[in-house]
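Labels run A, B, C, D, E and F following the written order; every chain starts at residue 1.
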Amino acid sequence: MKKVVTFGEIMLRLSTDRHLRFSQANNFTATYGGGEFNVAVSLANYGLEAEFVTRLPDNDLGRTALMEIKKRNVQANNVAIGGDRLGVYFLETGAGTRGSKVVYDRADSAMATIQPGTIDWEKVFKDTAVFHWSGVTPAVSQDAADVCLEAVKVASKMGVFITSDLNYRSKLWQYGKEPKDIMPELLSYSNVILGDLDTAFFMSGEPTVEPDYQKKETLPELYNKLFTLYPKLEKVATTLRYSISASHQQIGGILYDGKELFSAVVKDVTPVVDRVGSGDAFMGGLIYGLLNKEYTPQQAVDFAVAACCLKHTVSGDINLVTIEEVEKLMQGDASGKVAR
Amino acid sequence: MKKVVTFGEIMLRLSTDRHLRFSQANNFTATYGGGEFNVAVSLANYGLEAEFVTRLPDNDLGRTALMEIKKRNVQANNVAIGGDRLGVYFLETGAGTRGSKVVYDRADSAMATIQPGTIDWEKVFKDTAVFHWSGVTPAVSQDAADVCLEAVKVASKMGVFITSDLNYRSKLWQYGKEPKDIMPELLSYSNVILGDLDTAFFMSGEPTVEPDYQKKETLPELYNKLFTLYPKLEKVATTLRYSISASHQQIGGILYDGKELFSAVVKDVTPVVDRVGSGDAFMGGLIYGLLNKEYTPQQAVDFAVAACCLKHTVSGDINLVTIEEVEKLMQGDASGKVAR
Amino acid sequence: MKKVVTFGEIMLRLSTDRHLRFSQANNFTATYGGGEFNVAVSLANYGLEAEFVTRLPDNDLGRTALMEIKKRNVQANNVAIGGDRLGVYFLETGAGTRGSKVVYDRADSAMATIQPGTIDWEKVFKDTAVFHWSGVTPAVSQDAADVCLEAVKVASKMGVFITSDLNYRSKLWQYGKEPKDIMPELLSYSNVILGDLDTAFFMSGEPTVEPDYQKKETLPELYNKLFTLYPKLEKVATTLRYSISASHQQIGGILYDGKELFSAVVKDVTPVVDRVGSGDAFMGGLIYGLLNKEYTPQQAVDFAVAACCLKHTVSGDINLVTIEEVEKLMQGDASGKVAR
Amino acid sequence: MKKVVTFGEIMLRLSTDRHLRFSQANNFTATYGGGEFNVAVSLANYGLEAEFVTRLPDNDLGRTALMEIKKRNVQANNVAIGGDRLGVYFLETGAGTRGSKVVYDRADSAMATIQPGTIDWEKVFKDTAVFHWSGVTPAVSQDAADVCLEAVKVASKMGVFITSDLNYRSKLWQYGKEPKDIMPELLSYSNVILGDLDTAFFMSGEPTVEPDYQKKETLPELYNKLFTLYPKLEKVATTLRYSISASHQQIGGILYDGKELFSAVVKDVTPVVDRVGSGDAFMGGLIYGLLNKEYTPQQAVDFAVAACCLKHTVSGDINLVTIEEVEKLMQGDASGKVAR
Amino acid sequence: MKKVVTFGEIMLRLSTDRHLRFSQANNFTATYGGGEFNVAVSLANYGLEAEFVTRLPDNDLGRTALMEIKKRNVQANNVAIGGDRLGVYFLETGAGTRGSKVVYDRADSAMATIQPGTIDWEKVFKDTAVFHWSGVTPAVSQDAADVCLEAVKVASKMGVFITSDLNYRSKLWQYGKEPKDIMPELLSYSNVILGDLDTAFFMSGEPTVEPDYQKKETLPELYNKLFTLYPKLEKVATTLRYSISASHQQIGGILYDGKELFSAVVKDVTPVVDRVGSGDAFMGGLIYGLLNKEYTPQQAVDFAVAACCLKHTVSGDINLVTIEEVEKLMQGDASGKVAR
Amino acid sequence: MKKVVTFGEIMLRLSTDRHLRFSQANNFTATYGGGEFNVAVSLANYGLEAEFVTRLPDNDLGRTALMEIKKRNVQANNVAIGGDRLGVYFLETGAGTRGSKVVYDRADSAMATIQPGTIDWEKVFKDTAVFHWSGVTPAVSQDAADVCLEAVKVASKMGVFITSDLNYRSKLWQYGKEPKDIMPELLSYSNVILGDLDTAFFMSGEPTVEPDYQKKETLPELYNKLFTLYPKLEKVATTLRYSISASHQQIGGILYDGKELFSAVVKDVTPVVDRVGSGDAFMGGLIYGLLNKEYTPQQAVDFAVAACCLKHTVSGDINLVTIEEVEKLMQGDASGKVAR
């Protein structure tokens, strides 16, 4: 089967252990992650051929990030080398009524300073079935946005199926542009969009909407507007998240194909080991589900929700689970029995 | 008072910390445990004289296992030394919807290659009140099954009270025999059996049964069949476990003495720190409860359930709790207040 | 604004990690804490000028304790140096049905052997708005009780507002005096008392009462008796704690000003990362709330309850949270969302 | 350039930290390594294309080993999957006068039970410049020896240059054969052999020799005998190791090409962080040195010695150093200055 | 006594443990340090009043850095808050023949983007005896250089004694200026300079010199040239470092007062626990030595050398030693006996 | 063979890791040790039957200490339970020029408050060959000294061979007595004394001596005076220690039997992993050597020195080495080769 390509930033994540606050931490656990990389790892874990495209600095941290990509069975044949630093983010893991806290330190990273022309996208997309990008990349810098646009244009021209995660981060978008200046053109090439309806309208520069996900019958009208805005769009999905506390989440999901709306049963997630990357786990599950010819759309969204739930039990950004584990939960077995 | 003897394998357990998956683990926490050893530790903690019989290799891991036995105040006067390796098992601790995972690496262990005649059972059982074994031992190898049979025969002849935990592990029983070929003879010497009814019938080579533990009035008929099969049987017990998730269990228990059925109130266990060994904790609690002359049968099963619940809060295979702690929970105080 | 002064003992706390029992611990996490120090840190975190008065031994542990005071932005200008040892306490962190366990090793500490005249209280209380002490200090030794009395007398004379936490610890009070011999005189200088009603009556040498905190209308009568006993009293507060398990607490609170009773909504706290010091977090929140001129009494007790809840999510004795975090929870947002 | 292929076993290594003895260890650091894998990693680090061929079990430990191969930029396209277990070895790291201690637990590993025909050697050796194997593989089992012979025959037929490390381990060779029964045929295909002269004669079934490496002029006569025994032999090398203590080693090396003897200056290695794999580091350095067309034979052995020395400073089995680091030491700069 | 003020950057240092290479590190030990802060801590440890001036970002990392300053008893009354990020550096600790490695990630830090006028230097230098700065600060950015110049001008005008450490870092000075463009003016205010003679001439834009520190009689002529260049100069000092390996250093020192040359005996330092900050430890010791009126110049340089040696035994950037410890070593007792 | 009994205190030892100073430590490694316990463990490791007599508090720390005794195969049949606290000591491990540092916190421990009559010495010494005590015990309190005297009197009466280690600790002896008031009577029962000559004379209340251990011919005269003072004395031994640095020690030893002086070759010990307990390791080795009928006196002291050297490579107070390891070093093999 053809491969799936994702493009974005991979960062060094430095997290405190045992729910310690930053001022208590005498060491940080080091892992590597980033939205689009996380999606690639999910797909590699599900047995798909996956490639991650990014730019890494020529120093020990960049080289270690590259090793982590390879370790997770994700191809790295088109990773550009250059720039001054690897993006870093610091994570303080919350619990109960205290939320997790992120301190970003990713300005001027190798990825943020990538230049158009750096990546040979025609080479990248040879034998590619799907290209996935997210709204984090164009939020980082004009350069990154430009390269993202390069990518979707080539992908689209080469007939690659394009999936996008809106991934709005209000702390980013600091380079003088707003989402509405950048995202509509990028999204115009998308075949699948993942995101909340209000975010989708906001990033598209459309008037605000306040969807009520409990009233499912009201949703198609809103989703349909996105189909109007983005003519290549085939499917829209939304992750539903109800946050009881930092340690207790409820996760559901919706998939709409322009005609029918598929809604997954909301599942309880408690305790939360690590919720960072759970949206990416949903996205990875959704891509897998849509590519799996034996799945119905309902099964695709069910798989995405189950994958998202399981991610909350895995430390780090990436979702280290197997198809068997996701399907077991997707079929309703949340018992967590010991296999022995 | 006379001692309690248990016989079985003690393994090196290598577990990942903080719910890490195997592929994330850069170190493993090392502890030592095994079903029958775990029972012996429980009894030693409750103040009984307990001895553990096993076979350990003459290397540093075997010697360390021996030290752990002694540390926990369990006698080791009849531990045989020999064989090539200590059994090992790897444990990945789950959370929420993701179950724990065990990778056994115990083939050809010192215990699996024990030969009949290795242990001087008549010496072992001098001054012994109770002998306990479980279905894990005969599941490991024909040799281990043979030695187990040796043991129960001598114990029975010497008037030792015999308790058994069915402990069915589908991943074991790889040496060409099925439980029904081995267990009935072994169980024919038992005075107490712990196990699910369906497992008991399956291991006895009897037609399948599907007990409904909610309908308690239907259970005696099924339990009675076991009394028919095993004439020395005096009591049968079952641990009831409802697995809400890997982090949330509900534990109850039943004790039947051939006439009356005693059922303990189901207790919530959340969070689960470590559920491995909780069945052994039940067994240890049950033996203590049956030996305690001041307890009614109801109190015996209540004690077993409370001990089992507390085990879920203790890391490692063994149940490090005191009589006072178990009795406090058994009497309904689950408040977990700080003692200060 | 003028400063808040607290007086008491700071100890080295040695706690087991990952819920290990004492006999499993191969290392202890070292932090520093103590009731009145914890209150001072809370206030410093809320932006108040806070000073902690204590006595520390002239050895490496005493010096490290001093550094921890300074690190947390608490003034240490009147810390006495002397005595033989720093008080120590060992903590085993429970989970679920198993409560945490404390082994005190604080006898003959520098603080327990403090002598009257050691502290220049007139110097301490210059520019002081509030003086806070708790019932732990007079429980430690006659000397500590005497110095505490010295302090409240000078504070009172100098017009400092005095707050007290009853903090009854049955394992202390070993020096031949009972609370009723010591506390009434000390409390007679208090403007605010925090504590359960039954404890307040017990420590005051009054007949036992059994308040029913569910029936709020019955409480003022009981609280009023305290106002009679202690004429300087302006406000009494009580932390309400319902202990579902060691990992699940419910926290509420009451503030009574002699006329009106303010009751905070009970909040769920689960999981519990560390409950030691949560009472001090309530006290710190209450002092802040009472000093904050923009708060109503209702807001003061709401702030105290929210601060107490958040403390359960923070490792160690001290409550490392900001006003923003407390106010967010106080306003009902317990969602624990990631800030990014 | 064409690739280098190595074939052998990769094991899970479980080592105690901070020089702890086995009976003190409460956790083990987990890494993955094995002689021939270690060589492949060295070569990948020096920029060569390297592939490792082995057999791994289809369980979480086997999968993690595979990830480690990929992480280190070593190809794994011909790794066979099967067998019951991953080989394990336990390492206690010595210091000073106390040597390190290894407990092997590798019997019946996936590699030991590999069957002839499992690997498609003709596919493996396409585009291969060098094939490397060591005496550990035929020491494990007759099956492994048979597959090793398969490999060297195909390699030889396909014109691949063959290098061998004698790697004698007295604790292995337990399957009824002695080195002299197996090694001569295997070595008859070798172009380069690394090993002590006495080992080489012993494994070849020749009479014992006692070389004096201080008297270099006496060595060619002995080395020449090997050239007589193994007609394809082009070069022989020996690592010289003088063990002052577990923490202080002295390392030299010899390379003989049938005519000239090249001897590297002996270097001091102190302290020793981890000496396991230092022989493999020598081998990896030697292969790189021989393949590097800009190197003289003297430089090749100098590079090998420097690589071996540096390995002693790196934790784990594999030698994580760059060409620049090796060349710096090879040129005599042992100053260990901070690069900043 | 009046205080000593130092000005510079404090960074988060993230170091690998146990000599691990970056690509092996799964966590980083977090400490805080920076040349001029390190000097301030040394002085505070020796009982002087010390203040550190810097700029920190208004985030959790900046706040934690501030706490570390206070913990070490260094005043922080004039720390500016602002900027986007805290400077970070990654440290891989070498051993033996492998040197330590630093990856700087300090571009655009709060300190690098400090603006002239940010610090009220007249307020800072009230009651100040000594102002210390180093060549790292003007190397970071033009802004930092400008603020440094501001500082020395005010200090000089207010009669503060000025000490400087040349601290040349070739990886810095990236903003378009060379040391010779910046340093001469800054150094023209210095009363004491610490640095190698060749560095001093290079940074002053003078022709290269190659001092031979073994031939002490040749040195005054070279030092005298510095006195000519910098008329306020009273003393010049040089740390002598002979690097046998990353684990074995030899440390000496020279102090020249324009007339007489004082040379300390070279001491062996082995093993090296952490050499980062050892130059700052020398500087801190030198300032203390010069300020100590009971010391001769010989004792001052002896104290500086002993302090520098001891720093190599302390983890982290800062030198946590007492006067007693330094004087003991300064007097020749390197025995490292246990005090008990 | 008959057993060896030792009597003394076992403490909880809390040590910093990785050479951290106390003020840097966020956790402490917990082990258990004490001079006389350490000797008992050595003897158990050498295959002798060993029993340790002490007093432990009835709390979790006391119980854990008891488990450690049992784990190490030392009998604990006569351990008294009582008292308020377990003695604690804090250890900061030095390196190079910085010595280790001990903070004792053992006042009022269970052992210090032991009362005469607590131990049934006649029961203890049944079947006892050797009784060992050291000068630490009578240094702790008058009570401990009294019980020590009880012990030696009963031992002597029952014909038990008595060995003593002078073990002078200047920080102890705080209860109003000097060594000369207490030790002479205790030592009058000794058959073997281990200690420096100057300490022996000092503790005996004799005039100061300054032995020169390099001039061996001068020593018998001094040793002979001890034989005069203590008529039961059969052998005196001295550990020679030359402290190059905290990381480098040189160890020799002398044994004198009243006629002949046996001197062991001085051995280098570098690096030092942990030197605490190395004197006890010498004592343990000496007792073993003297009891081993196949050893000459020269071999006895050689064994003691080798055991002492090896202890420096083992973390914790106790010497975890085997006879084979000691004999290998005793025979001159310090190579620290890997056994594999």
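Assume a residue touches a chain if its C-beta (ideal position, glycine included) is under 8 Å from a C-beta of that chain, and two chains touch if they have at least 3 such contacts.
If you want to know which protein each chain is, UniProt gives these names: A, B, C, D, E, F = 2-dehydro-3-deoxygluconokinase.
Please read these numbers as outputs of a predicted model, since none were measured by experiment.
Enquirer: Which chains are in contact with both chain C and chain E?
Expert: Chains in contact with chain C as well as chain E: A, F.
Enquirer: Counting residue numbers used by both copies over all numbers at the interface, does the chain A-chain B contact come out same (over half shared) or different (under half)?
Expert: different
Enquirer: Write down the chain pair with more C-beta contact pairs when A-C is set against A-D.
Expert: Greater number of contacting C-beta pairs: A-C.
Enquirer: Sort the other chains by how far their Cα centres are from that of chain F and give me the top one.
Expert: The chain farthest from chain F, judged by C-alpha centres, is A.
Enquirer: With chain centres defined as C-alpha means, what is the inter-centre distance between chain B and chain D in Å?
Expert: 45
Enquirer: In angstrom, rounded to a whole number, how far apart do the mean CA points of chain C and chain D lie?
Expert: Their C-alpha centroids are separated by 63 Å.
Enquirer: Among all residues of chain E, which ones touch two or more of the remaining chains?
Expert: 18, 21, 23, 26, 67, 101, 271, in rising order.
Enquirer: If I apply the definition of touch given earlier, which pairs of chains qualify?
Expert: A-B, A-C, A-D, A-E, B-C, B-D, B-F, C-E, C-F, D-E, D-F, E-F
Enquirer: So in the complex, which bits of chain B are touching chain D?
Expert: Chain B reaches chain D through residues 14, 21-23, 25-31, 59-61, 63-64, 67, 84-85, 88, 90, 92, 101, 103, 105, 107-108.
Enquirer: What does chain F use to touch chain B in their complex?
Expert: 67-68, 70-73
Enquirer: Can you tell me which positions in chain B touch chain A when the two form their complex?
Expert: 18-21, 23-24, 94-102, 104, 169, 171, 243-248, 271, 275-276
Enquirer: Could you please specify the touching residues of chain A with respect to chain B in the complex?
Expert: Residue positions touching the partner: 17-18, 267-273, 309-310, 312-316, 320-321, 325, 329, 334-340.
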